[in-house]
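Notes to accompany the following structure.
Labels A, B and C are assigned to the chains in the order they are written; within every chain, residues are numbered from 1.
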């Protein structure tokens, strides 16, 4: 059989390294499509002049472009037979991605744990994307629940990796040259700087976008993500096409411009949960909560730790969880990340 | 509150200057997306070789790309709370936009007039988009009806600007270097030159395009236009997504290739009315009327003043208005513009 | 009348040469859109680094991008009044297309044959697309059934060209510099080389894509293909938009990555039949049959002759024709082509 059947749980072992196909060159076409599919307006990826004005040597695309491309490469090897994408941790953005860069991704299996049902198991991988110079662009850990090929196969020794609940502020990478001391808030669209945000503050990003199948499929293909459920109405019993979770992340991040216009760069993703599936016809809104804030050791640069919540329909009460500690109805995404912002 | 609530009528005063966020760099990705979303085939923006053959130093994107990007920037500040976009005037295209250019837009309020109902008012703004060298790319006046925040706020002194009914031919800007003396009509697709068109002539552009939500949303996002009604099915009582008026302009202009293939460059927009809303499922056709024609002081260059009419469904009778002087049923757009064409 | 009514059967005569409008410059935006619309992952067009690693001086776009652009130019002149697109033959890809190249297409009429009904006829054309240096990019023959303008017009002398059933392996063009001796199968995604495929072998490419109107229209516009039936729900009695046959070709070719990841370059199209129409909502799957294989006179380069079959719904039995020799239900496309692959 020449086609890829994906890996099953018993195909993974701790220490295994997988070099993922296929390398992909980022272009200005990706920037344009990202801006056509998501309502992003962050000044730095929008404007080469703005990027130069804050000290960057070239004009990076949004960090999530690099993340999605890097992530997409892991799907055929890691999650083609996944039951669920369980979580992310320790995701850091290193060297910015600029048009002309070619990304490839390598993963190492860092944990395995068979489930008590004997039919599935959890696999932890740490993935690292590098550019054509071998520089790390982004790395992250994620864990997925994967089917066993054979329920009778013996369970491996359980290894559960020790993952940090959040990237420490001291571990955030500031792009080389970034200097926000002469930051232009007028061009950026809002006056709010690091010190204007308080821990615990919540921001309703107001706007909503109703999903279409054509748009989420185009985005997901752009990242060379091959999971059938996003493209083939025959892949799910109800004939719906499941929206790639990363589509909701990018959409919510773009919507967060309205209130967080100066949170220009994503520096790290601490944790993320795709709480509920999204489909064409759903209208996605977003709100954010400020979890932490800190100054960084780069001129004019601070960082906000934010919880970004995407919801189906607008929730002006911005409720994450009900009294039962379960996610409130309508919550689609709960993402914990660090963004760089001018002090 | 950190999010943008937009300006209300009483926030505008004559002489007020607004620098709009966010600067945006135009790329080859924008050209490709424009060609994917609109059936444009004008040889000059389609072909770098053709552009060079008519004397241009670089390969411009269509003028409407610059217009939409420049216009989109004004939406969050000028028309987020607009009831209606009432009109355009005195729009001139100056320096062509080429990939790599970064556009920003500044507006000045040039008129205000409270409506007799005391709840809304009309605001006139003149907007100017410049590139990274500070050269003017496009400027225009428009007027919008905007909600008052507080019906009890006192009415300002009425100032109604004096706007020209059309840009004078002598004020049209011909791009530096443009020389149409060796113009290749075979490559361009049609033999008709300036002298082949008669004032009063009407041209049925024949072809139609049925709108989809995915396409108009992608276009509108590309221009960073944030008006909710285009994206969120919850923003209008009937659950439809209103198509951005500029989408209809670009679609009609692209359809006009069939009969006006040599009307290569848009030089000015004299006036424009979005007569009726358009929605996914509508099939847009277009026809043009020649309003005026003139030779310009550049080698081989002439100009046609055209009325471009977009209709829902094809109207082979090309009727603009009924006996009652009202727009005929089905008319979506009535746009009066100048295009450059070989003599 | 200034608009293009297309050519009718009696407008064609053997030896007639048509220079098609409009030249079109290929950009990185086209590459990105191709990747957003089709689930392509072939390493060579995906990665500039991979292209360089196999000896190419620049980073070509997929061969089908050039084909679709070149083909689209012929539609207004050749097939605007076509009843049916009957076949392709002798299509060869010569110089690769890289961003910045400008393509134009010229056709010569090589055959005419009036049908016995007196109302239609078949026209054979050989079309050649060249780049801005005058180098041939792709050439092909195709034949279409075209309406007569006037059923009473006399029938021309019948000329039926002699077209090869397949491009001979010796006539395949290998791009200058291509050297697959150091080919990286890990980056490419699969280990299978020329010798791993057997004549007669069939490969089920597994994955499916459900079509949307927005996507096929965007693709078809990108190629400046103007046939009404793809865009206007009023053009067909049942209100459907017919999917451009080339969209199904590109989709099936992209799906064939899964099992043919190393069939990196399309070198020739021997024959092609659009067996049944496709519409939004259809789910397209694909399978391939190995028809022939050969080594070529370039380092490490071989060629596979493949039958690529697109189907509506997945056919795991991979049945091309029933016992009656007619195409099996569900077959959309039967394409016979040569691809270059490492030995």
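Rule of thumb we're sticking to: a contact is a pair of C-beta atoms (placed from the backbone, for glycine too) under 8 Å apart; a residue touches a chain by one contact, two chains touch by 3 or more.
Every value quoted in this text rests on a predicted model; they were computed, and no experiment measured them.
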| item | value |
| --- | --- |
| Fitted rotation between chain A and its twin chain B in degrees, CA, nearest 5 | 120 |
| Same-site or different-site touching of chain A by its copy chain C, using the half cut | different |
| Separation of mean Cα positions, chain C and chain A [Å, integer] | 36 |
| Numbers and ranges of chain B residues touching at least 2 other chains | 27-30, 32-33, 212-215 |
| Interface residues, chain C side, partner chain B - complex | 2-4, 19, 21-25, 27-30, 32-33, 76, 99-100, 102, 104, 132, 212-215, 217-219, 221-222, 224, 226, 228, 231-235, 241 |
| Contacting residues of chain A [partner chain B, same complex] | 27-33, 35-39, 41-43, 46-50, 59, 186-190, 192, 196, 203-210, 212-215, 258-261, 281, 283, 313-314 |
